[in-house]
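For reference, chains read A, B, C and D in written order, and residue numbers begin at 1 within each chain.
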Amino acid sequence: MNKWIWALIVIIIVGLGWWAIGFSGNSAQSGTGPIKIGSVLPLTGDAASIGTIDRAAVEIAVAEINAAGGVNGRQLEMIYEDGQCASTAASNAANKLMNADNVIAIIGGLCSTETATFAPAAMQKKVVVISPASSAPNLSQTGKYFFRDYPSDAFQGKFAAEYAYNTLGARKVAVIYHISDWGTGIKNVFETRFKELGGEIVSESGEPQTATDYRTDLTKAKAANPDYIYTPMYPQGDTALMKQASELGIKAKILGADGWDDPQLAKDAKNLGLDILYTTGKTGTTDAFKQKLQQKTKSPDVPVGAPQAYDAVYILANAMKSAGTDPDKLADTIRATKYDGVSGHIEFDQNGDLTVADYVVKRMANGTATVVQ
Amino acid sequence: MDAVPQIVLNIVIAGGIYSLAALGFNVLYSTTRFFDLGYGAYALVGGYAVLCLYKWVGINLELSLLLGVLIAGLTGFLTEKIVYRALRARRASNTVLLIASLGVFTLGQAALAIFFSSQFQSLSRDIASQRLFSIESGVITATQLLILTAAFAVMGILVVVWRYTKFGRAVRAIADDEEVAQTVGIDSERVIGAVYFIGAAVGGIAGIAVGFDMGLQPLGMTILLEAVIAAVVGGIGNMYGSVLGGFLLALVENIGAWQFGGEWKFAFAFAVLILFLLYRPQGILPK
Amino acid sequence: MTALVTRKLEKRFLGVHAVDHVDIACKDGSITALVGPNGSGKTTLINTITGILPMDGGEIRVGERTLTRVRPTDAAGLGIARTFQNTRLIGQMSVLDNILLALTERSVWRALFERQGQSHLDAAEAVLRRVGLSEKRHANAEELSYGQRKLLEIARALSMRSRIYFFDEPFAGLFPEMRKVVAEILRELRAGGAAVVLVEHDMDLIRDLADFCYVLDSGKVIAEGTPEQVLKEPHVIEAYLGK
Amino acid sequence: MDYAVHILTMIAITGIAAVSLNLLIGETGLVSVAQAAFAGIGAYGMTLLMLHAGIPFLAAALFSALIAGAIALIIGAIFLSLREVYYVFGTVGLNMIVWAILLNWDSLTRGPLGIPGITRPEVLGISFADNTAFLILCAVVLLAVFAAHYAIMKSNFGRVLHAVREDEEAIAVLGYKTEVYKIVIFVISAALVAFSGSLYATYLSYINPSAFTVNDSIFILAIVILGGLGSAYGAIVGTCMLVGAFEALRFIGFPASIAGDMRQVFYGLILILFMLYLPRGLFGKFRI
């Protein structure tokens, strides 16, 4: 019998413990102390390589703002939580930030999985959310306090399709994509748009984000002898794909998405004898920002979302300078913002998406990537 | 269909790696009759050990390969000594051993993710300098040929050791019945320890092969599933069976991926496994 | 009427015949003894008959049904109850529950929606009293002594109220007065018309209880008949003492 | 305060999965690494019924539990005839296949994009939009599952499960069709865990295959092993510790960057150390 009693005691302790934590954390944002802001990025799991560097970009921005006196004299306090690119982890992380730390705003979800999980709750709690990289089209209907300074897949997929059809004159395209909210999203939009223009998708095959063997997909694509292979995939998949493509002697040219915008990939592609083009956001990513980031992370990568995360912090800080911390005023000010940041010109529409999302095309040649159009 | 030669080569390449993975698992399972899920972790340790020695410390390739295999073997040996021996001494049930091995797998994989980060890392230093051999329109690289030869070499060594050496006879005796083997004076603890070292070392070779051919990630489930499916389908306790199972699995996966797309690769592999488990659990080649 | 007959029953382990073309018949209302030195295949024979071991040849006739394959779950359906040489009880379960397992409904649906009724409890109480384990009813089976566990298994078999009983060395490990109780139970079952098969190698018990007797040696029946006839035969004595 | 409500809700939802898994591992000795797969079937089943067929939450949740049970019936019939070790590996395979289907059947499940916009339930006129009200709903469902567990184990059926757990053949000889018993408990457990999937879906209002992977099944397995085999309240205590205690780590300044992996290390350690030193778990009643 005493086992039963012991069990009850433990349940009560943990339950009450949480209740107590809940109460203690209830200190509303005092008018003078530091302004608490949260960040939800994947620090472990599949997309950790991107998440950890985006976090560094946020840290640089926060340090710079605080050094320059913070917001109306109040310092910014950034609390980082791990979203793991998975819905349960992202929900727990965001809930802690919103309900225990009572943050004013959240910079994050990198993966659309994370953002789509906690954004609705944030809207209810009137917490401003600025996502630096979640590009899933369905996030546009999230709500009044949701913004993303990263173009929705709809833009990039459409731009790539038009560029391939009109400029590159491609008529038959094979698609190899990563099965993820980002990869599948872009693929769907690209295919619909490309078919509308009269092109033909000759072969399509997806692989999980963590896949390493693309030989069968490449062989299938090669057999369909397309003009171009369109590959919306994350950086690690691109490395393996390039290697295996060169091994298989793939002659068809490769058109990538912004997952390819990674200096390490350009170096690897140097003597693989592959013709690689890829679309990426028209980021006037100033070299100054790249130096700062590479110096902090000690890695050459400037992955998807890093410049956007840096800009997101500045947009939030500037908006708070004039609107203070009231969610509605803050949201309206952000919506009216026109900001030229390291990730390019930023203006928001009523859905919180970027109004203008122009892309550039870069070509990987002898170790570096140069803008083509 | 000029793609056929390349598909055949894809199957051959993947088959090589799956066979290596299956051989290691077969060594462990056929001797101890125990499904060690930790095998996935031993294979990863092999790959990451070489990554650390060859790419970070910069030791020459051959030495770091050898050390990598030894470290993987040692991991298996120590795990058996620390975790499984105590459980077996207590006559723990298969369920207990299985759950403990699931713990070894989860712990091993997470520890590697912490030390080496969960990023994808390739073992081959300069990607492009592979010497290529083209057969018809299909292409196979030097590394892949090396992996293939390693697979058959390991199979050959294991067959010879298992059949013609005193150690091999002792192992087969334990495989049949551990108590009987002990009564005949075989120090089963020491032999099982050695078997674990060999099995984990072969698993390490498979991990290294994956590291060179495709790349490393702290996800041991893939290589574990391939090893188990190939070993079971091929025939538990039969070394030739493991290699046959490896190539058969590669065939089914590639055909499935070819017809239906890569994402269904695993579903096909498992469908084959379940069919065999139901209708021919002892696998194609008998023990 | 013969309750159960085996014809050329075979059981091979890696080619060696543990049960070698055995023909035995167990009549209703009688005690049939299976006798033989250790390792003569007595236990393997009843394990094969009751479905614990799949048979490799021959057939079993129970009533008018002829079977070439018996699975464990079929045994009870054929009206067979048995005990094991070294008991197979549910150790981490109470004595009472072990008995209730033999009494309550077998069908899944009734089991799901029913608890043991008073009739089950009374029946369990009666059979436990019969083997002198009443006051141990709430103890776990694994806490009982070897003899007590043997008695519990006998009680479990009785609760099956079957037509055919296989007792595998039921007297092993019992105190003398308990041996009398068990002998009495066997006689009661015989009087009640059941077919009792007794595996035993203690000749006095056989002479005292058995109506008919089969002597087994390395898987073969080397002699059959009443205990007196069988015990006089030279090769039986030689098989017994010669070893 | 709301964060406590969130964590307690997650404890209740995960607790339902743990109690239902205990029916399998704790009471019947059937190790299953597919609990997350059935939770996924429950979540997606309920969501699709609610969004596309307009069925209210309660009916959708019940129906999706039936779907999960039906799938478990088919799978159970196939797998449970396998030898013990292969059966366990079969459940790992089942989880992989269900996850692959959820991820790749774009037309039905929108694949990796997941399904957003799942509204909070309206049960018997009461709206559960408010988080505290939803917590009470989860607590009620957890209690219902706990009561179901208690009732099953108190019935004759439960006694037979305990017998199957220890010596299946000895019980078969008594005339029990043990295969049928194992399939039925497999179906019941799958149906019960489907409810945790349905509640998870309405709580987060968005579901995505990433929540129903093999790792999630391993997590629930670790909870049951920690809580103790053969005790429903042990499973709940295990959930409180693994969900509750772990969330507390965020406040001690545990470096977020390795927190995720540290959890996996901790689950692995639990499985090993408990098998070595405390196979009964904290409150378990059965020594495997």
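Here is the rule we go by: contacts are C-beta pairs under 8 Å (C-beta built on N, C-alpha and C of every residue); 3 or more make two chains touch, one makes a residue touch a chain.
None of the values given here were measured: they were computed from a predicted structure.
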| item | value |
| --- | --- |
| Chains in simultaneous contact with chain B and chain C | D |
| Chain occupying the middle, per Cα centroid | D |
| Gap in Å, rounded to a whole number, between the CA centres of chain D and chain C | 43 |
| Centre-of-Cα separation between chain C and chain A, whole angstrom | 72 |
| Inter-centroid spacing, chain D versus chain B (mean Cα positions, whole Å) | 31 |
| Computed distance of Cα centres, chain B from chain A, in Å | 36 |
| Contacts with two or more other chains, residues of chain D listed in rising order | 103-104, 258, 261 |
| Contacts with two or more other chains, residues of chain C listed in rising order | none |
| Two or more partner chains touched - positions in chain B | 113, 118, 261, 263 |
| Chain contact graph, described as a line, ring, star, complete graph or other shape | other |
| Contacting chain pairs - touch in the sense defined above | A-B, A-D, B-D, C-D |
| Complex contact set, residues of chain D against chain B | 29, 31, 33, 78-79, 81-86, 88-90, 92-93, 96-97, 100-101, 103-104, 214, 218, 221, 225, 258, 261-265, 267-273, 275-276, 279, 288 |
| Of chain B, residues touching chain D in the complex | 35, 83, 86-87, 92-100, 102-111, 113-114, 118, 221, 225, 228, 232, 261, 263-264, 266-267, 270-271, 273-274, 277-278, 281 |
| Footprint of chain C on chain D - complex, ascending | 152, 154-157, 159-160, 162-163, 166-167, 169-178, 180-181, 184, 286-287 |
| In the complex, chain D residues that touch chain A | 1-8, 10-11, 103-104, 106, 111-114, 116, 204-208, 210-211, 216, 231, 233-234, 236-237, 240-241, 244-245, 247-248, 250-251, 256-261, 283 |
| Residue ranges of chain A in contact with chain B within the complex | 44-46, 48-49, 52, 179, 204-208, 210-217, 219-220, 222-223, 236-237, 239-240, 242-244, 246-249, 268, 270-273 |
